[in-house]
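To start, I am sharing the structure in question, which I have written as C-alpha cells.
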C-alpha cells in the first residue's frame, strides 16, 4: 500500500543573495516514509530541511505540507539541528521535556516520558547535566531525544548521529526504526554515512555538489522490521551501499533528470 | 627505528567535581606518530585532548611534552575543536591565516598559504565566507585548515571529519597523511569511525565507557605511504577494523591492564 | 593656566547683575587697566568651592553663602556691600488659598529654600504672625522650582526672591510680606579670598573704582547701564527697570558703608549692622544644624581695609 | 585564576590601600584638608551623622526614604524595561514605533525634567520615583533588546518547531538567552537609579541621601557631602554584589558553550 | 519582518503621531499651556533661539561647546572603559583590585561630585569633561567586562593554541567577541554622557546646552527648557543612530551562530 503524500516540493529553489543553493528541486514524500538525504558538504541539505521546517521560505517554487504551503515552523515538523541548538539554561531532561511542558503536559507524565527517552538515547543518569557539562555526542543525543519526545508528524534530522560512536549509533538507528514503526511518523534524515542511509530509509536521495539539484534517488527494498531481521552484511544491503557510493563518487549530473522524474507512489 | 618520545602521560586522572572522567591513564607518544582515540561518547576523549592542549590541568598524574609538564596552551600543540570554535568575525581565509598573522607573517606569504590550505580542505572559492555563511561541514574544514596552516608539532584533532561526506572525508584523510609525511608532526586523532582510525594511525587506543581508562591499544602495521598504496579493502585492514569493532562491542574491562602495560617503543 | 587673569571674578547667572554686566559690557574694567576675567556660576553656593580651591578671587553673593562659607572654614571676607534689598525677598500667596495676613498661614503649604535667607524670612514671618513652625508645612524647594510648584498648585504660598517670586505675582499671587515689612534685612555683597585681598591691593582698588563709577552711572543714565543686563536676560529695558524697581534696592555709598549702618566704622566691624546680621543668621543656621559651631568671631567676615584704602585715595 | 582566598584578599586590599594613601596624603599635608578632608574627618562626620542625624532627621530615615524611592523605581524599571526590550527585540514593528520617542528621551538630562515633572506630577513621591524610573528603564530596555539580538536564531527556531507559542518562545527561550545582557542592564540601571537620587530629591522635600548631599554642598559642608557619597557608594556596592551573586547562580551557562 | 519601506514609515509615523496628539491636547485645552506649551510655542522658541541665540550667545556656540565636551569625554570613556573592561574580564586579579573602588564610585550621583570636582579640578573644561568621562567610562567598562564573560572559552583556547600572544588574544579574540556587549555599553554611555551635560555645566560657565536648560529653568522659561531638551534629544538620536548603523556593519555575525 502506497503511503498518502504528506510533503510535496515542486520546483523549489533557494538562493542566498547571488548564490543558488537549491535549484528547482521537486519530490513527493508519503506519510510514514523514511527518506535519507546524502550529498557533498555544502550542497544544501540543511537548507532543504530549513525550508521544510518553515524557518525560511523558498525563493521560488511550492513546498506543501499536507496540501498547504509551509509558512512557519510548527510542532508537527520537529528538527534535530546539526548545530545542536540545545537550550543552555535547561538540563538534558528539561530540554527533552521542553515540547511537553509547552503543551502543558503534567509534571509526572513529563517525567515518565523524559525518563524513557533518556534511556532510549543512552543518557540514563545524565538527565541532570546542563549542555555545557556534556560531551559533544551527549549533546547531540539530547537534541534527538528532544524531538522524539515531541512526537511530531515529521522528524527532520540533520546528521543526528554524527558525533556518537559506532555502538551507540547502531543502537540509536535501531531505536529510531522502532519508534518509526510505532508512530508511523515521516522522517527526513540527513547523513554522510551511506550505510546509515540505506539501513534506515525506504528511499535515499543524493544531492549534487553544485547547483543544488537532485542527483539520484534509490529505493531501498529491504525487509522490515530491519532492527532485528536485517544483517548489516546482507548482500543486497552491501550492493546498494556500493552503488550509491559509486554514484556519489562519479557525481554524474546525468542522473538528475531521472531523479526528478522519480516518484515512489 | 622507534620515534623519540614526545608526549608522556603517567597515571593521568581528571575529575569534574565528583565524577572521574579519566582514571590513571598512562601512555607514551613518539614524535611523528599518528594515534587515534576511539571510545564511546562521553568517555573522555575530548577531555584528554584538553589536557594535552594545556587547557586544563590533570587532577593527578604527570603529563609531559618534550619532557616538560604541560601548563598552558601553546602553538606547538594546535587543536581542531569538536565544537568548531571558529572566529565568527573572520572569514574562512582569515581564520586559516590566524596563526600566521599572529606570528607576523607577511601578507603575501599568508595569502599563499591560505590559498593552498583552502584548496586542500576543498574550500577553494569559499575563502571570503564568514562562518555563519557556511554549512556545518564547511565550518569543520575551516577548523582543520586553521590547524594545518599553523604547522604545529602536534595536531590534536577532535572528530575533525565528522560532518563531511564520504568523498571529501577520504580526500581529507589522504591529505592529512601527505601532510604528516611531509612535516613529520605528531597527530592525536579522535574519531568514531574505526575505519578512519585504522587508515590514519600507526596506533589505535580504545577508551572504556566508564572509569575513563584505556581499554585496549592496537598497532597498525599497514604499508606506508597509505594514501595511494593501501586499498581500503585490503584484508589486513578489514581484519583489524573488525577486531577493534568487536573489542569495542564487548567493552571488555579485562583488556585494560594490557593496554596500560602496552608501549610501542 | 599661564594666561590667568590677575582678578578672577565669579558671578551668578541666576541673579540680576546690572552693574557687573554694564562694567564688563561697556569696557569699564578694561579702561581701568584691570586684568580680569568673569566666571559664571548658577548660584552662590557653587562659588564657595571655587573660592576655596583658589579658582576665583572675588565673587558676588547674597549674604547667606558668605556666612555659611565663612562659618565652614573658607578664608573669605566681605569687602563691599553692593546693595541692600528691602523688597527683593517676598512672601506671595495664591488668591485661592485665602491667605491675607501672616496669621492665615496656619495649616498651609509654603515653599521655601531650606537654609537660605527665605527660610530665615519665613521663620521671622511666622513668629510675627504668632505661629509656630509646626503649624505650617514648609516645603523645601530650590528657588528655580518654586514657580513650577506654584503653577502646579503644589504649594499655597512661597517665600523667595527675584526673579522667581515675580513669576508668582504674574500669575496673580498676592504679596503678603517682604524683607522690609518684616523688619529683616538682606544684602548683595562682594566677598573675596582673604589671602587675595591682602596681596592684591591694586586690583581690588581698581575694581572698587570701576564699581563706584558704574553705580554713579546707573543713577545718571539708567537705560545705558541696564541695556547690558536686559540683553543677557532677553528682556526689554523697561522690563528690567520694573524688575529693579520691585527689588527696592538701596546702594549705600562707600562712605556710608563704613558706618554702623553697614560694615561698621573703621576698626570696629563688630558694631556694624552687617556683622550683627551675620551673627543672627549664624545662630539661625546653628539651630538648623547647617553649621556645627559658631566661629570665634563674626568680625572676621568683614574686611574693611579695601574701602578704607579707597576712601583715603579718593577723599 | 587566583584562589578564592587570595581573590578576597585582593578585593579587600585595594580599597584599604587607597584609604591609606589618602590618609597619608592628608597627614603629610600633600593636599589641604579643605580640598580633601582626611579619612578621619569624614569618619567623624559619618559617626556624627549616624548618631545625631542630619538636619534634625535620623540618618536612617534619610536612608530608608531614598532606598524606598530607588527600589520602587528600579523594580518597576526592571519589569517594564525587560518586557519592552524583549518585545522590541522580537517584533521589528514594535521596535520601529518605539525607536524615535525613546531615543529622543534617552539622552535628555533628568535635571532638565525637574521643572516639568513638578508641573506634571507634583512634588510628592510620584515625581521622585518617576524620574528615577524612566532613566533606569531605558537602560534596562536597551540592554534587554541587545540580549534578544544575541540569541542564536537556531534556538528560537528549535523552540518554535517544538511547539512553543510566541509567548513561550518569549519567556522560555528569548528571555533566558538574553539574560547575560539583562543582568548588565540591571547592574547599570541600579547604579544609575542611585546616581540620580540627588536630582530626584531636588524635586522638593527634606528627606533622603540625595537631599543630604545637595544640602551639605549648599552649605559647603564638604565632610557631610562625603558622608552622603560614602553611604550611597556603600549601598550601591552591596546592592551590586547581591545582584551579581544572584545573577551568576542564574546565568551559570555563560561563556561555556 | 516588515519591508524596509514600511519600517521607515513606522519609524517616522510614531513621533509624528505623538506630536499630533500633543498638539491636539494643547489646542483643545486638555492641558494648560503653562503645564505643556503647544508644539508651536516650542517651535517658535526654538526658532528664536536658533536665530537670536540664548543669553546673548549664539546657539551654535552653546551646541558646539557641549558637543566638544561630550565627545571628548565619550571618546576617552570608550577607550579607557573598553581597555579596563577587557583587562578586568580577562585577569581575575585586576578585576579583584578594581572591584570595590569602581563599584563604590559607580552609584554616586555626579551632582554630588560637583563641589568636589570644583575643588579638585577647577571650574574649567577639565572638570566638565571629567565628570562626564567617569560616568560614561564606568558604563562602558561594565558592559565590556560582561562581553568578555560572554566570549566562549573555546575561542580563547583556540587562539592560544594557534600561537596568539596574550595581547593578540586580547585584541583579536576577546575584543571582537565582546563587541556586541561593547556596542550596548557605548550606546548607553553616549546617552548618559549627554544626560549629565546639565550637571556638568553646573560646574561654572555660561555656555552649553546644559547651561541653557538650567538657566531657562532658573528663570522659569519653560519653552526654552523644552528647546534645550529638544536639541539634546535630537543630538542624542542622531548620534545613537550613527553608532548603531556603524556597529551593525561591524558586528555582522551577531545571533547567527
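All chains are identified by letter, namely A, B, C, D and E, in their written order; residue positions are counted from 1 within each chain.
In this section, a residue touches a chain if its C-beta (ideal position, glycine included) is under 8 Å from a C-beta of that chain, and two chains touch if they have at least 3 such contacts.
Computed from a predicted structure; not experimentally measured.
Minimum number of contact steps separating subunit A from subunit B: 1.
By the document's definition of touch, common neighbours of subunit C and subunit D comprise E. Averaged Cα coordinates give subunit A a centre that lies 50 Å from the centre of subunit E. Rounded to a whole number, the gap between the C-alpha centres of subunit D and subunit E is 16 angstrom.
Averaging C-alpha coordinates per chain places the centre of subunit A 85 Å away from that of subunit C. Each of residues 83 in subunit A touches at least two other chains.
Counting partners per residue, subunit E has 34-35, 114-116, 119-120, 152, 214, 217, 220, 256-257 as the residues that reach two or more other chains. In subunit C, 48-49, 52-53, 144-145, 148, 151-152 are the positions where the chain touches two or more neighbouring chains simultaneously.
Inter-chain contacts, as defined above, occur between A-B, A-D, B-E, C-D, C-E, D-E. Chain contact summary for the complex, subunit C toward subunit E: residues 1, 10, 13-14, 39-42, 46, 48-50, 52-53, 55-56, 143-145, 147-148, 151-152, 163-164, 167, 231-234. Subunit B makes touch with subunit A in their complex at residues 16, 38-42, 45-46, 82-83, 122, 126, 133-138, 141, 158-159, 162-169, 192-194, 245, 248-249.
Those residues of subunit E whose C-beta lies close enough to touch subunit D in the complex are 1-2, 7-8, 10-15, 18, 34-36, 92-93, 96-101, 103-116, 119-120, 135, 138-139, 142-143, 146, 149-153, 180-181, 183-184, 187-188, 190-192, 194-199, 210, 213-214, 217, 220, 222, 225, 228-229, 232-237, 239-241, 254-257. By the touch rule above, subunit D contacts subunit A in their complex via residues 152, 154-155, 157-165, 168, 172-173, 176-177, 179, 251-253, 256-257. On the subunit C side of its complex with subunit D, the touching residues are 45, 48-49, 52-53, 65, 68-69, 72-74, 114-116, 139-142, 144-145, 148-149, 151-152, 154-155, 285, 288-291.
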